[in-house]
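These are the structures, in structure tokens.
Shared between the two complexes below is chain A, which has chain B as its partner in the first and chain C in the second.
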Partner chain A sequence: MTQPAAQIRRDSAEKVTGEARFVTDIALPGMLHARLLRSTMPHARITGIDAAAALDMPGVVAVLTGADFAGLKHEWGLFLRDRPLIAIDRVRYVGEPVAVVVAEDEYSAEEALDAIVVDYDPLPHVTDAEAALAPDAPLVHETMETLKDFYFKGEAKPLPGTNIFQNYRYECGDVDAAFAAADHVFEDAYDFPMVFHYAMEPHCVVAEYSVREGFTLHSCAQSPSAVQKVLHAIFGTPLSKIRVIVPYVGGGFGGKASVKLDPLAAGIAWKLQRPVRLCLSVAESMLTCRRLNARVHLRSAVAKDGTLLAKAVRVVMNGGAYADTGPAVAIKAANRAIGPYRIPNLRLEAQAVYTNTVPGAAFRSIGGPQAVWATESQMDTIAEALELDPLELRRRNLLRRGETVRPDLRSIDVEMAEALGEVSKALPHRPGEARGFAVAASDPGIMPIGSAMVRLGIDGSITVMANSVEIGQGVRAVLAKLAAEALNQPIAAVDVAETDTLTAPFDWGTGASRSTVIMGCAVQEAAADAGRKLLAMAATTYEVPESECRLVEGGVLVRNQHHTFRDLFHRYFGIDSGDVSGIGSITPQYRNGAFLQAPLFWETAAAGCSISVDEDTGEILVKDYVSAADVGRVINRLAAEGQDEGAAMQGLGHSLFEELLYEDGQPVNASMIDYHVPLIDESPAHFETILIENGDGPGPGGARGMGEGAILPVAPAIANALAAGHGVRIKHLPLTPEKVWRSLRAAKAGL
Partner chain B sequence: MHDLAFAVNGEQRSLQVEPRELLIDVLRNQLGLTGTKRSCDVQVCGACTVLVDGQPTSACSTLAVEADGCAVQTIEGLAKDGRMDRIQQAFLDHGALQCGFCTPGFVMAVHALLTQHEKPDDATIRHYLHGNICRCTGYVKIIEAVKSLV
Partner chain C sequence: MLLRRFDLHKPETLPALFDLLDRHGEEASVLAGGTELLIALKARVLHYPHLISLKAIAGLADIVDAGDCISIGALATHDAIARHPLVCRYLPGYAALSDNIANIRVRCAGTLGGNLCFAEPHADPPAMLAALGARLRLQSATGSRECAMADFIHGDFETDRQPGEILTAILVPKPVSGHRAAYRCYGASHRPVAGGAAAITMDEAGKCSAAAFWIGAVCGRPVALEQAALGVIGMDRAEIAQALPALIAPEIEALEASDDNHGAGDYKRHLAQTMLLRAAQAANTVAA
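Here is the complex of A and B:
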């Protein structure tokens, strides 16, 4: 099966030969290497740091601590200004950076870490979110300074004097009356574990600073403009002198979104005025961010025939030591717990809580897997109690296109029953295997802000400058294809430049499945702008009305006469040189505000799986997995399928075995030896992706964003299969062999 | 410092290395062969896989001096005269990579697989590649790519 050339991604060709450049591959002349000393205490005051011995070690250039940054307004954040550049006088989690060794090479820097002595005065700590809610819980932060509309719209609602840094509430309809009148009320609580992104490329930044030139960062950041914004706030450097270059990124899944390592890397370069490379190990990336673990309390009011009447959701999320994007994650978890169902009465509550653990952060479909795990598990519980087929119960409640999930959100733009129907048709029914299903609807939080530039040279070669980050999703190939289509040129003529804030205009960031839609439209607009200029030039040059000129491969067609771009430019400019640029901008005003609707599109998913269970060991094997996504239009089939397959497989991890564990304030399995992610022999023997295309999305050609939805239904589909086939309902992820085995045994014993 | 003499991608090399230096660092930093990637550091993920005398080896967990006198093959040595080898081409054609960080290691491991097994079946493929992690693709297209070669 060879793909047509147009589908081959140029980035893939570079990657498969080892030529592709990632941040970790960058070596600048005179570059120093930094390593971090991290807190061994979950919560403590720093009473002293002695770095004298480390400074004397061979190759060591400097040891930096909080004291070195005392003059700066160094506390930063995206929702709350709660995070120091490096620990100043206090640490709030095991793994928090306390000191930096900068040396001529990495080995020397690493070795010197052991020679630094830090004195701590321990404080009481709390690592569990429910415990952090207790009135006498130790406070992780005494003050909470919120930032309104800083990078995200709106602001967090913390409760001062508590550990709650986000307290979200929403209500519609008459919830209490609906519960009072309902035939059945179901009440359950579901736990979702703390899991690690494990992008295979650890966080890495190479930073340079000089007073005259400002900052240049080679970063793995998913949101370069957010990095600029935070550095500007800390160092006061003009935005024009903060340049963020992002080469290929080795996966992110949210772990490189918003801002992570860049302020500290920049701070080291700022202090030393020499290029410095700060590259974490994967074990350190595990101490940098992770998904917010959650307990989701659900109450559902249901009529005899299975009609959902009301739902009350209360989510408690463990946000870790610093808020990061946790406030947004909490809101999304509440929304995503509704499901693609018609429920007239809703009460949504979500709290995100500080604890002395690794900071929580965005992770593929923020808040989604936590919420959908709960909602879709409970749907099967309801079906069982009402003696309905789980698919039938869903069909009775699924939204039709145009119906609303929540009255203040844009109505749903897909036909959910279509995806579920396709999945149930495609999922094989084999003897000895149990089947389970789940569906999900998520509302991507997309800021419609992003611009792009397109340049066409005299030889017909085209450059696209856009700040979308190529993180494996294939965005450069998508943008190249759109620019080529808009200018009617061969795709081989188009290059998409490396992400660089100096040369490409503002983009909000790469995430929330937004780039194909937002940047795709921006590139189409930019190409159209360049196209208009070319036609106007042709009309002037060949003295015909514009309507008689059109773009064809390599030039313009004027009254059936082909002129090359070279001919056109030469005549127009008078010399054999010159180029034409177009700019395209997506703003909240774009298409009369159409992109301002929230959500811009619904990202939905349906999935089914069949599993077999080894009742002696409790091990679950997923045999078949069918995933459906309504993507509107497929732009690159291999890439789109790959996104879906990858998201589902990632979901298998939190479903079956992934969980970061804490004991006594210490993370106990924060290394890739102890933390197990899905391996190739754990992937289902049969995996099928169904991409539904109705051309009805807001993006180019009717495309919708995708790439996150498929992670949502995995865990509940598996748990539902386990319940259907083996009679045990587990409400606490992951479904480890031990847990499954114990439940099976308890069920047999009639407990 | 130790003398290290070995063949890298068919070319004889002589270097001075510290006894503690890892093969991955010598390849990446001294020889500029940055195609070999470092991820887990602990011989779990396979991103750093190179072939040492034909055997797939985690360069992150191998001392450089252990490669003395050996033939080391890295991702950079596969394409000949600007043409990819058939494994690279199969990965490309089947969309078996996304971010590409795991890819060099996977390609090298598949190289060893196909040298050792002429016609590996599904179970053999999955078993052999158990030491290579990919976080992006979900493995589906990697398996398809390998199967297209047998």
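Here is the complex of A and C:
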């Protein structure tokens, strides 16, 4: 195959031709269809469910409710065991699954939903995080059972008797003394909205169960091994009999990370012992998970010359009805509010609280956009007060390579000024447009645990078995290229198998920008293992020292003599068959423990934008956007640039348009008709991605993870441009036209 | 959510259509482009056991020169209207509006007739067609009648169309000499929050002989700024530009605009004013 064609991601070709298979395309013999009846109440006791009429409807096979799972240890979670398989006796948010109709076809199941009557006894509800902190706030959960090291390292610190399910504190230096001695103290609060992931593919699972075979799930899960683990905990089924297969996934962004729909789908299959398909609509996915909205309180102590002396951060996050990964999100929000700056005195506090809203969950750079929105807005406020250029204020405080963000974290592994310099050089300066900048540093929560296998067949074809999920980011293309490089074979010879826990070894999951580094290294190790075996076989077969053999395309070169794999295998095995497989494992002990210290690498971002504002409508148009990421090494340029562009465009949503709204406990815009994600005609007219490659990351060839950083600076860069060019500082996202118009009007009126 | 089951009928003639309408009454809805109806059906806001498609009836999408007016078939899509030579020649302001409705998928599937009859208030065509003095032709088994666009929409999702009637054509007068019309709108998510339509006719002496100013999308139905339209009669272009902001202010202030997810009432009134002034500015210039 020629080089250019080899560079095209195989999954891209399959997707544009419609050949790619997603969960929704899977049909198993005898498969039933499930639809969910969801709570219409924000908080209530269920006093009765009458499904008799639904059961009589054509095509309906079963109606399942909490009572059907009463015998199981059905409550599950990742940090807190707070979540029932399906509502039992009580609902905690509008949209919580209350009953399942299982029917021969999807339409019959949907029809029968209306025939189920649920009686509720309403309880007081709370949807706002600050209100949930009040002493007399209704309690969303009475008990909090934490799980230590269950799937994430560490343990949540809830405050029993309150709605606080995570209460995180960190301090270094002498914060109070620094504030007392500072020339200037800046204090601000910033609000970040509740936003939805909007993956194009809604959540979808096809599950089967039999006592003999256990579970097989075809799932859109980003973390198949977490799904295995939770099913094991609920059903007691051996891990070896819980198989999770993940075909192509149509986007996730964290919304399919950890565990979402799988336990319920598995529960239905377990109960009925028939294959069942549970596919949500987008509107239902909006009721499944969302980003934690937050208020970030910042106090910064600053010297006359702009030197940052101390920072106190207090983050209050709305975690929704179930904790999910919220405890980790809160910690990261606190860390990511520091910024890539030299600040000797730090006080970080973060609380995540239960409310009667859709459960909060991981979302592209957990806690990051919330934190960076606050920190980078305040940096411009400081610059303005000190009459410094915002870029100059940042340059005076940016970390140099090897300095620390926080003394207990790995020192920063990039030169932050490099990215910001590239951005400010590349961003055009056009008349009538205002410019704004922002930078960010995030500490990916990467568990260095993942293994892969590489098999080479007698014909030279190679299979990579790795449980990274191809979610659109291009991981299969990256792994194929790394395996091909390590074995010195053409990319066209490599296939990366579908994610399947039965055939590929453990991987922690796809998220936190980890797959290129962790699975990339694992695949390199696995390929090297196979390569060593091949050379040993060649040495034995051709009776030469291993040092005189090397891998070449299609075979081995032995003392300048080319032998095909077929020749080698035939001679070595004695028949014209056989293969060689290698395994590679990344563990915390990898490279003498070098992967143990957190973060494994820093994911950083710098961005600048120029905007124009229609002061009559309040509409912001982003004209130019430049995004820079220090990725160490680019493995697939098109995919890497796509990740960067995609993250920034997603950030445009929470910056300008997106917010899930609640009134009286009800979500009022939870459909794609009323919820505004950025459209192509709202994207910047000019977008540039700058990928910095110094080969200094921990991954293959010096690669770092990427794909999350570019979402971080979008909102503050736009707000900073608005403040610089139009004199209004808005601290509450999204920057909707109406909000901008009101701010401009108030400013003109001198309010 | 999923669509509930329904029977789809595809009559090929108007008599067959009227027969179906008569037979199924309130159990049936007419289906044109489906861009609004199908969403409402999927959201289960509406349900009809019978949908009667108009697509197989010949001639309903035709756009023709009808002498003193352009007749736009109710089933003409927004995209077809935007590109039609007659519309581009005689009604350039409407062609521009049509080319800017929602997004390309809606423009290629959605029909003008469907848009008007569904009467979703966040729509572009009604205010502009009212400013252009359009008339709507409604047909039933017993005959046909005309209704002024200005009177057709009664409120949110409510029109003058009677049971058993369908809208067959939109008749837009050809502009007289000195007439110029323009429409401007603003809104997110491909739906207008406010639209302003202005039509101004100048006589040979350079004085305004007729004007129409309409606000769309803010209220349940398009609203005419009647006093402002009377107020500019006799003014020259410079005087209109000078006087219009003050002339429209009282009627803008009186618009019934509610606070909802599209914005607060005062913001919508401000947008209406802004869009109307922008439309009027475009209409108040000499044709290129």
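Assume the second predicted complex is superposed on the first by the 747 of 751 C-alpha atoms of A that agree within 3 Å, B and C clash if a C-alpha of one lies under 4 Å from a C-alpha of the other, contacts with A are read in each partner's own complex, and residues count from 1 in each chain.
Going forward, a contact is a pair of C-beta atoms (placed from the backbone, for glycine too) under 8 Å apart; a residue touches a chain by one contact, two chains touch by 3 or more.
The model shown is predicted, which means the values in this text are computed figures rather than measured ones.
A.B. asks: Counting touched residues of chain A, say whether chain B or chain C comes out ahead.
C.D. replies: Counted on chain A, the partner with more touching residues turns out to be B.
A.B. asks: Give one of first, second, both or neither to describe whether A:Tyr107 is in contact with chain B, with chain C, with both, or with none.
C.D. replies: Both: A:Tyr107 reaches chain B and chain C.
A.B. asks: By the touch definition at the top of the document, which applies to A:Glu738: first (chain B), second (chain C), both, or neither?
C.D. replies: second
A.B. asks: Please work out whether A:Ser671 is in contact with chain B alone, chain C alone, both, or neither, and reply first, second, both or neither.
C.D. replies: Both partners.
A.B. asks: So in the superposed three-chain picture, is A:Ile471 touching just chain B, just chain C, both, or none of them (first/second/both/neither)?
C.D. replies: A:Ile471: touches chain B, not chain C.
A.B. asks: If we overlay the two complexes on their shared chain A, which of chain B and chain C does A:Leu679 touch? Say first, second, both or neither.
C.D. replies: In the superposed model, A:Leu679 contacts both chain B and chain C.
A.B. asks: After the superposition on A, what does A:Asp82 contact: first (chain B), second (chain C), both or neither?
C.D. replies: In the superposition, A:Asp82 contacts neither chain B nor chain C.
A.B. asks: If you stack the two complexes on chain A, which partner ends up touching A:Glu619: first (chain B), second (chain C), both, or neither?
C.D. replies: Once the two structures are laid over each other on A, A:Glu619 reaches chain C alone.
A.B. asks: Is A:Ser281 touching anything from chain B or chain C once the two structures are fitted on A? First, second, both or neither.
C.D. replies: both
A.B. asks: Of all the chain A residues, which ones make contact with chain B and with chain C?
C.D. replies: Overlap of chain B and chain C footprints on chain A: residues 106-107, 281, 283, 671, 673, 679.
A.B. asks: Within their complex, state which residues of chain C touch chain A.
C.D. replies: Residues 1-5, 39, 43, 103, 186, 188-190, 261, 263-264, 267, 270-271, 274.
A.B. asks: Along chain A, where are the residues that touch chain C in the complex?
C.D. replies: Residue list for chain A touching chain C: 106-107, 110-111, 281, 283, 616-617, 619, 657, 661, 668-669, 671, 673-674, 676, 679, 736-738, 741-742.
A.B. asks: For the complex, which residues does chain B have touching chain A?
C.D. replies: It comes out as residues 18, 20-21, 25, 28-29, 33-42, 44-45, 47, 74-76, 78-79, 84, 88, 91-95, 97-104, 107, 122, 125-127, 129-130, 132-144, 148.
A.B. asks: Over in the complex, which chain A residues touch chain B? Could you list them?
C.D. replies: Result: residues 1-3, 7-8, 11-22, 24-25, 27, 106-107, 198-202, 248-251, 253, 281-283, 471-474, 638-639, 641-643, 645-650, 671-673, 677-681, 683, 685, 687 of chain A touch chain B.
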